[in-house]
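Chain lettering (A, B, C and D) follows the sequence in which the chains are written, and residue indices restart at 1 in each chain.
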Amino acid sequence: MSPIRVTVWNEGVHETRDASVQKLYPEGIHGAVAAGIKENLGDDVEVRTATLADPEHGLTQEVIDSTDVLTWWGHAAHGEVSDEVVERVHKAVLGGMGLIVMHSAHFSKIFIKLMGTTCTLDWRSEHDRELIWTVAPGHPIAQGIPHPLIIPEDEMYGELFDVPQPDELIFISSFSGGEVFRSGATWRRGRGRVFYFRPGDQEYPTYHQKEIRQVLANGVRWAAPTDAERVLPTVSRRPTGWYETGEQLSSTDPRLAQS
Amino acid sequence: MSPIRVTVWNEGVHETRDASVQKLYPEGIHGAVAAGIKENLGDDVEVRTATLADPEHGLTQEVIDSTDVLTWWGHAAHGEVSDEVVERVHKAVLGGMGLIVMHSAHFSKIFIKLMGTTCTLDWRSEHDRELIWTVAPGHPIAQGIPHPLIIPEDEMYGELFDVPQPDELIFISSFSGGEVFRSGATWRRGRGRVFYFRPGDQEYPTYHQKEIRQVLANGVRWAAPTDAERVLPTVSRRPTGWYETGEQLSSTDPRLAQS
Amino acid sequence: MSPIRVTVWNEGVHETRDASVQKLYPEGIHGAVAAGIKENLGDDVEVRTATLADPEHGLTQEVIDSTDVLTWWGHAAHGEVSDEVVERVHKAVLGGMGLIVMHSAHFSKIFIKLMGTTCTLDWRSEHDRELIWTVAPGHPIAQGIPHPLIIPEDEMYGELFDVPQPDELIFISSFSGGEVFRSGATWRRGRGRVFYFRPGDQEYPTYHQKEIRQVLANGVRWAAPTDAERVLPTVSRRPTGWYETGEQLSSTDPRLAQS
Amino acid sequence: MSPIRVTVWNEGVHETRDASVQKLYPEGIHGAVAAGIKENLGDDVEVRTATLADPEHGLTQEVIDSTDVLTWWGHAAHGEVSDEVVERVHKAVLGGMGLIVMHSAHFSKIFIKLMGTTCTLDWRSEHDRELIWTVAPGHPIAQGIPHPLIIPEDEMYGELFDVPQPDELIFISSFSGGEVFRSGATWRRGRGRVFYFRPGDQEYPTYHQKEIRQVLANGVRWAAPTDAERVLPTVSRRPTGWYETGEQLSSTDPRLAQS
């Protein structure tokens, strides 16, 4: 089996302006996330990174076309992501690319576009302890994860998390302050799989924690497309009996895309 | 519209042997639950009660046939509920009767039979404070419920709650000790609607709390059947074109039940 | 209980240019839909209509603010619906307004925005017979609907219907040509409920059929909001213990909206 | 990665008494199913078979303990399967074993026990053509499957299929006679994954068809457990702060099973 081609995207703004973040993430948040995926999946993945400041944010059509799973982190500059790139990523997800959305990327353009809701939530950055409980044991994303997974200090996110009811709810968090959050959840959109994972803030060393890295790696494996071809569903007029010609179309046949 | 006919069932064992429970629930847990439903729904409901000690546990075929929504509380004597009565209730739910399953009734025969899983969970009775958070605002069962709903002291139930993924997850609880629980959840089974609601223990005054009673009443209203007839699905042989006779069968036509 | 305030929206383009449509729908498709809802729900509803050609498409902020359930029909002019109106409707749905999306409105801006997918499908307009089968008996939207519901002639819509997996799948259609379609499905978005119902084309008398009108009326009743206030979820910073002040906020408290 | 250990179970009654079935399935239905899985998955699987007539139906504790995925076919003798074996299989599924339920096994004891409903349906054995449409493209079970998959002749199964709403609906069938059926669907139960696949009758050569065999093989791969250990959830009393000892329990730790 060929390696899963992962592109780790990071806004990369805090790293260039906040000393505290530079100290926590000297290689950038993308560096930590990429290392975490690589450390868990080894030769089963090829990992590269891209950031907002790169031309086309590092997400050219060519990069997207050769990406099986894209991970997304953003916080301070959602509005600076170009609509053209968002449209490109959206089409790729519907066509089969996996997408891992992390933490404050709940407010990214791409996540809001895929969810269709406000994606709002409650928050507080006061060093709450977070406990992450597995409610879907046996799910590949929960494989090998402690119950609970303990994050000593992290930003708090609380319900209501305004997203569509997940196809699968995998993790629920509680925080020292008593709030709860649906921390790990999946949705299918088109042929693509989306996994949202809550933990991680630029002011906390969350992405250096072993178990968090393992969840992200599990997510990458789960979200990888099963089909080699990327197919965007399109409207098609079908004459009566079109499927009776003896030549059945594979579900990934590009001819299905003619409208 | 005719009133919703509610039967509040209670095991009633603790009330006859534990002084602490008699003090908290002088009219029995069933008395408190019935009062809570009546106080919220008034003339929109007719409420009666039944307990384990009654002949056929108070759930004769006649009682079940004239029940729109059944609420179930049990803890110490799940094994004493006769299989015949469980079978009767099961058929009624599949045929359209609503069922509200409360607290320790997660281990009742009828809930396990409807879920198909162990229905296990973690627990601790050490006066944790419980916070109940709404994750499905706009759902009829959440109508008018504070966010969070605070229960000053209650038994703790923690994940993993081994049930099928709910059709709709409405409430998530956190406890002082940090555990979380899917506290309000719904499942459709056959034509019937099932609502599980976590709070409430014989050693705590939970069923006297106003907001808890409102959730139960909301649940009753939501679980009430939409069809007047109760129809148990049955296997049927269908000749080609059976529906083309000009006489379409209503989805509740008893003739559909002939196999 | 106050009547449900329904606004029936129709693009209204075919009616002004196609003689065949004028003949089938002399009062417009909106006229037929409005009559169908009224004939089933009587005094439980107040129904008004609006079309694309009206100022602000008849969907001013005032109209939307006083609408409990909006029904939407469009086909030839999706692109002419202003983004401002789409935004207004989107916010209203997330805040609690019900939305019924009909037939070719699968390609409306508002439906695509709420779903996050392409909403494509296969189609053919060659007078297929459609059979609509109920797969969620006991659901309020299926109440009283024959199994199957037969539409003598209609446009064919076939899978793949590129939408998120429904929260509840209620109807599946088959067509003379052998195709199938998820014809009745619901999704929650924010506090609002969305019901998509497939049948109905401007070239067929579908909206005059009694059972189709009953499904639409059932949908209106199901989609009506349970809360009086419309609340758009917004991001909020929460200090530790904010809920312990003794004053719990109702889930519809507008103060929750301060970010 | 170790091969997936598959046990193909077949009632095997028709094969011993019906000449027509012997002719279609000289190696038994289990022989055809096993060959189909092997032909698709090769060295990634180890396949053995078992039938009703074997001691303990060939499903001893030892066999079950060394089975990753069990496939189940039955029709004429559901009642002869011992409750003890059903209990054993049920526990194994909740503990993580995959289960593929085929065709008339919708009425098997194990499927009914896992679903909690009647599992009834409509049927007709009159050589309908079946068209199987994919509604979850991108799902591993649909990988490489034509759209539609055409079965020239098969028994008809029609809705209502009285099962809980699937976690994931993958295939919908239509039949010459116009009926529809949710033909491919999945449910999680405990840590195990269940896949129901409709096609196949003892009087039709369905299990020799290439695409049908591929779906079954896809199902096996999807249902294989991710955890090495099988863990049956059990009720546990948890003292306050039990997870703070510095020693977190893995979600598959057998100590979690002590109640």
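By definition in this document, contacts are C-beta pairs under 8 Å (C-beta built on N, C-alpha and C of every residue); 3 or more make two chains touch, one makes a residue touch a chain.
Protein names from UniProt, one per chain: A, B, C, D = ThuA domain-containing protein.
Bear in mind the structure is a predicted one, so any value in this text is a computation, not a measurement.
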For this session: Starting from the Cα centroid of subunit D, hunt down the chain whose centroid lies farthest away.
Result: C
Seminar exercise, completed: Given that subunit A and subunit D share one sequence, their CA atoms superpose after a rotation (degrees, nearest 5) of 180
For this session: Note whether the interface between subunit A and subunit C is symmetric in residue numbering, meaning over half of all numbers used appear on both sides, and answer same or different.
Result: same
Problem set entry | Centroid spacing, where centroids are CA-atom means, of subunit B and subunit C in whole angstrom | 31
For this session: Check each residue of subunit D and list the ones that touch at least two other chains.
Result: 131, 134, 136-137, 147-148, 158, 160, 165, 167-168, 176, 178-179, 188, 190, 233, 243
For this session: Please give the residue numbers of subunit D that touch subunit C in the complex, ascending.
Result: 129, 131, 133-137, 147-148, 158-161, 165, 168-169, 172-174, 176, 178-180, 182
For this session: Could you pull out which subunit A residues touch subunit D in their complex?
Result: 96, 131, 134, 136-140, 142-150, 167-168, 188, 190-193, 225-227, 231, 233, 243-244, 248-252, 256
For this session: Show which residues of subunit B lie in contact with subunit D when the two form their complex.
Result: 94, 107, 113-118, 120-124, 126, 128, 156, 158, 160, 162, 164-165, 167, 176-179, 187-190, 232-241, 243
